[in-house]
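Please find the structures below.
Two complexes come next, and they have one chain in common, chain A, joined by chain B in the first and chain C in the second.
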Partner chain A sequence: MNKNLELADRGFGYILVAPTFIIILAVILFPITFAIVSSFFDYTLINKSFNNFIGIENYINSLKNERLINSILVTFFFVILVVFFEFILGFFIALLLNSINKFKTVYYFILLLPLLINPIVVGLIWRMFLHPQLGILNFLLSLFGIGEVNWLGDPHMAFTTIIFVDIWHQVSFMIILLLAGLSAIPKEPYEAAKTDGANIIDCFLHITLPYMRPVIVITVLIRLIFAIKTYDLIYIMTKGGPGDSTDLISYYIYRSAFISLNLGEAAAMSSILLLIIIIITIPLFRYMDRLD
Partner chain B sequence: MKKIVVENLSKKYQKNIEAVKKINFAIDEQDFFVLLGPSGCGKSTTLRLIGGLETASNGKIYLDNKDITNLDPKDRDLAIVFQNYALYPHMNVKKNLSFSLRLKKFSKNYINSKIDEVSKLLKIEDILERKPSELSGGQRQRVALGRALVRNPKAFLLDEPLSNLDARLRALMRTELIQIQKRLKATFIYVTHDQVEAMTMASKICIMNKGHILQIGSPDTIYNKPNCVFVANFLANPINNILKSDITVKENGIILKIFNKRINRNHLNFKLNHNQIFFSIRPEHIYLEERSDTLLIESKIEVVENLGHENILCVKFNSTNDSLYLRTDTTYKYKSGENINIYIDLKKMLYFDSKTEKILGE
Partner chain C sequence: MKIVKSLLLISLISIFSFSAKAVTLNAIMENVPDTLFIQELLPDFKAKTGIDVEFEIMGYGEMHPKMIPSLTASTGSIDFMPVDFYWVGEFALAGWMIPLDDYIEKDSFDTSVYFDSMMELVGKVEGTTYMLPFYNYAMGLTYRKDLVADATHQAGFKSKYGMDLKEPTSWDEYMNQVSYFTGNGTKYGVVNQGSKADPVAMEWSNYLYANGGRFHDENWHGELTSDAAKNALADYIHNLNNHGPTGAAAFGFDEAFNVAAQGQAYSYITYNWFMPSYEDASQSGVVGKMALAPVPNNGSLNGAWGWAIPTSSPNADAAWEFIKWVESPEIVAKRALMGGAPTRSDAFNNPEVLAKYPHYGALKNILATAKNFPVFTYTPQFVEIMGTELSKAIIGEKSIDDALASMNSELEALAKKDGLYK
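Take a look at the complex of A and B:
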């Protein structure tokens, strides 16, 4: 191509990209930069100024803070348990549903329902279900002679309950993605394997799993990242309590920023969280690169 | 002894779609048995029934005199080669080949010697470490075949194995498949819609249409003595001429009215209760010069198809609208619109009942 023409072409390309770039700049790059910059200042909602540069003091303070360490641990166990059970349960249900050909639209619709409900609403509904005196769950248990359970009031119980509610809300996400993956597997390799002498377990290990690997990796990683960010459920159901037993990191950061009003430290913690999520995301991007 | 016997085999899907309707055939040891028919005729279903991938609604399948109708595919000891190869994408060629042997826990030495043997036979020694996605269509086809060969099954079931290859490769693989089948003295059941494949490879052809078997026989028999209009039509390259004609049946012979000409065929004697028949005349039995027992027709060339080694002429008879196909050599360049005299070989004509479409005079 003519050199001048090529330059003009490139210039035109930049013009076309510019609007998108400006929007991304305004809604993503600016807030992130603002947060990172303010994490190096003594920036509070009472004193909103960039006058006091304090270096990495916010980082040191927050990492020294036992409550942050606690919420990192709580988040870690929450994420591991939630993703593990959602995956196992989701994969199992997806495998079952994949062999059913009738009423596909019906069960797809039913599966989608929890995902369509706003997490705030999910939290409210479950808070009502789980109410020690008025909730339906304790009423049903009382029919079997089981005494009142304090689902959200007992520190150990609250953590388990939150995990259960999150699984209830999010397992459909796993099922739907894994089901889509399963239904995309061609049937011929199974037929070939059957004539080759494979039983159901051989077929699962040698065909289903290898075919599903990319879907599994991506689904689990996406779910992992979303689980780390869990916030609304905690806000509605426990506010991090009782004590700090359900104090997930996103909620803790929210409290630092908007209850303790220490925006600088909250920004520092957000940056740490961002770094953690980036570290987890890298393998995902590497893996997706390798798929092409 | 018959290798595979199929008795009154039927397959009904939901909504009462009957893919295979009470079919019967027997396959000898070392037969190259080709199931031939248009798409949707039930040939693939028949193969899948034999292989155990579909369950029969009715009827029996015997392998070496043993009833295998309700056995699991893995217990039938039959190998299937699929049209789209169905290789295991995450395994390399070697693992693909050895999968069945590894499942059956054969010794490593045996597996390796078997892979050696088969990969030499199929000339795939160089690609054993590659994944299916790194192979060409032809190579994938070979691996799929190899996966069947390593098992020494009682018979091979091949479902349109060559239809995804290009024309040249298909011709080469045809020859190779014939050689492999002869060398292994194996029994092949081969499904295809391609009549060239059927003619060149089969020891027996079984023609199916709409779930029924129409005719079973050697390629020669089926080509020269089709038992109905469908078979005469289907097994033809490029096309068989099949036309309607009025007929008068007399005590000693028949009178046909072909292209407005009356023809007496005294030796023929048909039993008919109406006065119309179909007759077929293959393109190679229409000549450009007079021979004994031919019928002259004045016609006009409509289309000339140049195939390089021969021409296919489509000609139209002047006073009716019937068109005929014939083959000529390429020495004279015919042009469309040109008038031409053609001679139909009356000895080679076949006659079919216009109502039942079955052959007459057999």
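Take a look at the complex of A and C:
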């Protein structure tokens, strides 16, 4: 009797889960499967058919494509730099905010503002600010006797500028998540440590950091994935240039799909990107499991 | 029985009149002045036909990706569409446009009023009319006519170069003027739109044509490694680095225009539709000081949009009614008077239009002589390649020869893929 009840419960459970499962299947699994299947065909927007199976040709072409390799390298350095600086800056500000009690809401509001702005708008605003002759930034610098800075017209400077704007836009994300983690740390260990004569650095290294480790890992992981997918900022601010100094992989894939209309090759590139993200994130997931 | 027949007839009439009233045409349109002018004129179309029109207005970059799903569906959500000349080859090959020849013949619509270059660019594809030209964005030389007319500058220029200072008609004359006015009357001799991909590709094409070069021969064999092409790129880089503002290598047309409109540059080779903006005191400090001329040595690059009806259009007949209306002489004249950029030659002969916009005289010459960009299935892809290679040459990442060689080989590869290379 109990067994029958258990079976009935399980069946009922399946029925309850079914709608969610079907939606996940339709919204996530179907597009991914469709993209992976397309990557093995000569599938273009001009000739949308699965008549011409070409095996791994799209993958070989992608890996031989110097422009794609360049965009992978540019994306790699971009992601490492923005995540690193956003984490350092975000953690520092989160620590400061965690230690104050007055006007916290005001600080939160100000810090959250950039994150609330659409990336397209962020790009447009910064393009105006960074105009070498008519922008406010060079005007302010000129008051200190600094000459015109070529923010987006020089390849090295353009890459640095994009990193700076991304940090300005995304650092709040780090702050909010890290602050949530900091406020959840109990006070008792700090009080005990202070009684034992620990200074602020000891407390940070031996209490804050160990408690924060899971939050840090998940925050960095999420930001890492989002940073790899950065597209809007590049589209508005540099179009991948000058040359291909800011040509991030998401923007390159977008152009392959909607300008070159080669969906098969774009799908192969996306699959390669997916693989890269999986390779990067698996160690972090494993580390999280170990922490649990 | 008569009553039944009458009721049936009334029902049928009411059904058809209801459906006629219920037609709403949808289109994706670019956020440019001509779109906004037409939007203002739509009540006239509604009054004449009872058909509603709704525009979804967006930036250029968003249009193509947004149109594709509708074009590839069996029944799409777009009834008519503007087609940039970039897309013509691709749209024709994919069979996304309805031939308009039957409509044109049925309504005796006169297409001879369009400039030949316009019909060639955004009208006919291999003898079939798929589009009616909409608005032009042919490029021209915009320059400071007040500086050219200045007696001191005229004397100074003559003594330095041994030639008269006037609207430039030869490329050397223009290059001398750019050099002369750098830091002399204005801050910069020229401002360039050097951003990849479309801005630099379009602007440099003017330099190529002005230097006597071309993209390919009749058999689509690339000619981008010619001396003319090398000189054109050398001139472009020289102007940008020595006579233009810092950062021009990343300027789109809006940023470059702002420099020119603030009176900081003597010249800017750009889209002719910037002329009304130069005359708008709210965004320009050079009102009454700018003139438009063809790029010297017949170097102007042509550019235009056409009106087409997608094969997937749910209301093709009503869409033709719209195109017929919007390209009628009356509506085109009204649009021109609002500051639009028409493609019908009769609009350029309209005294009222010429009185309000004197630069239309020069624009007529530009449209008659401008040269077209290579139009084929892979035009957008080639513009991308071209923009990247030019940008690399500008920042010194590639030599002029290497950048042009890459462009040339990629043009030929795409032409082969398209079956044009012979």
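FYI, the second predicted complex is superposed on the first by the 282 of 292 C-alpha atoms of A that agree within 3 Å, B and C clash if a C-alpha of one lies under 4 Å from a C-alpha of the other, contacts with A are read in each partner's own complex, and residues count from 1 in each chain.
Definition applied: contacts are C-beta pairs under 8 Å (C-beta built on N, C-alpha and C of every residue); 3 or more make two chains touch, one makes a residue touch a chain.
Given the structure is predicted, the values throughout are model-derived calculations rather than measurements.
S.K.: With both complexes overlaid on chain A, does A:Asp202 touch chain B (first), chain C (second), both or neither?
M.R.: The answer is first: A:Asp202 touches chain B but not chain C.
S.K.: Would you sort A:Pro214 into first (chain B), second (chain C), both or neither based on which partner it touches?
M.R.: Neither partner.
S.K.: Based on the superposed arrangement, let me know which partner A:Leu45 touches: chain B (first), chain C (second), both, or neither?
M.R.: Only chain C; A:Leu45 stays clear of chain B.
S.K.: Give one of first, second, both or neither to describe whether A:Pro114 is in contact with chain B, with chain C, with both, or with none.
M.R.: In the superposed model, A:Pro114 contacts neither chain B nor chain C.
S.K.: So, does A:Leu152 touch the first partner chain B, the second partner chain C, both, or neither?
M.R.: second
S.K.: With both structures placed on chain A, which of the two partners, chain B or chain C, ends up touching more residues of chain A?
M.R.: Of the two chains, more chain A residues are contacted by C.
S.K.: Taking the stated contact definition, name every residue in chain A that is touched by chain B in one complex and by chain C in the other, in rising order.
M.R.: Shared contact residues on chain A (touching chain B in one complex, chain C in the other): none at all.
S.K.: Once bound in the complex, which stretches of chain A touch chain C?
M.R.: Residues of chain A touching chain C: 45-48, 67, 127, 131-134, 148-155, 158, 235, 238-245, 255, 258-261.
S.K.: Applying the document's contact rule, which stretches of chain C touch chain A when the two form their complex?
M.R.: Answer in residue numbers: 61, 64-65, 68, 72, 90, 93-94, 194-197, 245-251, 255, 258-259, 262, 264, 377-378, 380-381, 384, 387-388, 391-392, 394-395, 397-398.
S.K.: Provide the residue numbers of chain A that touch chain B in the complex, in ascending order.
M.R.: 186, 188-189, 191-199, 202, 206-207, 210-211, 213
S.K.: Using the touch rule from the top, collect the residues of chain B that touch chain A in their complex.
M.R.: Touch residues, chain B against chain A: 51-53, 72-74, 76, 78-80, 82, 84, 86-91, 99-100, 103-104, 147, 151.
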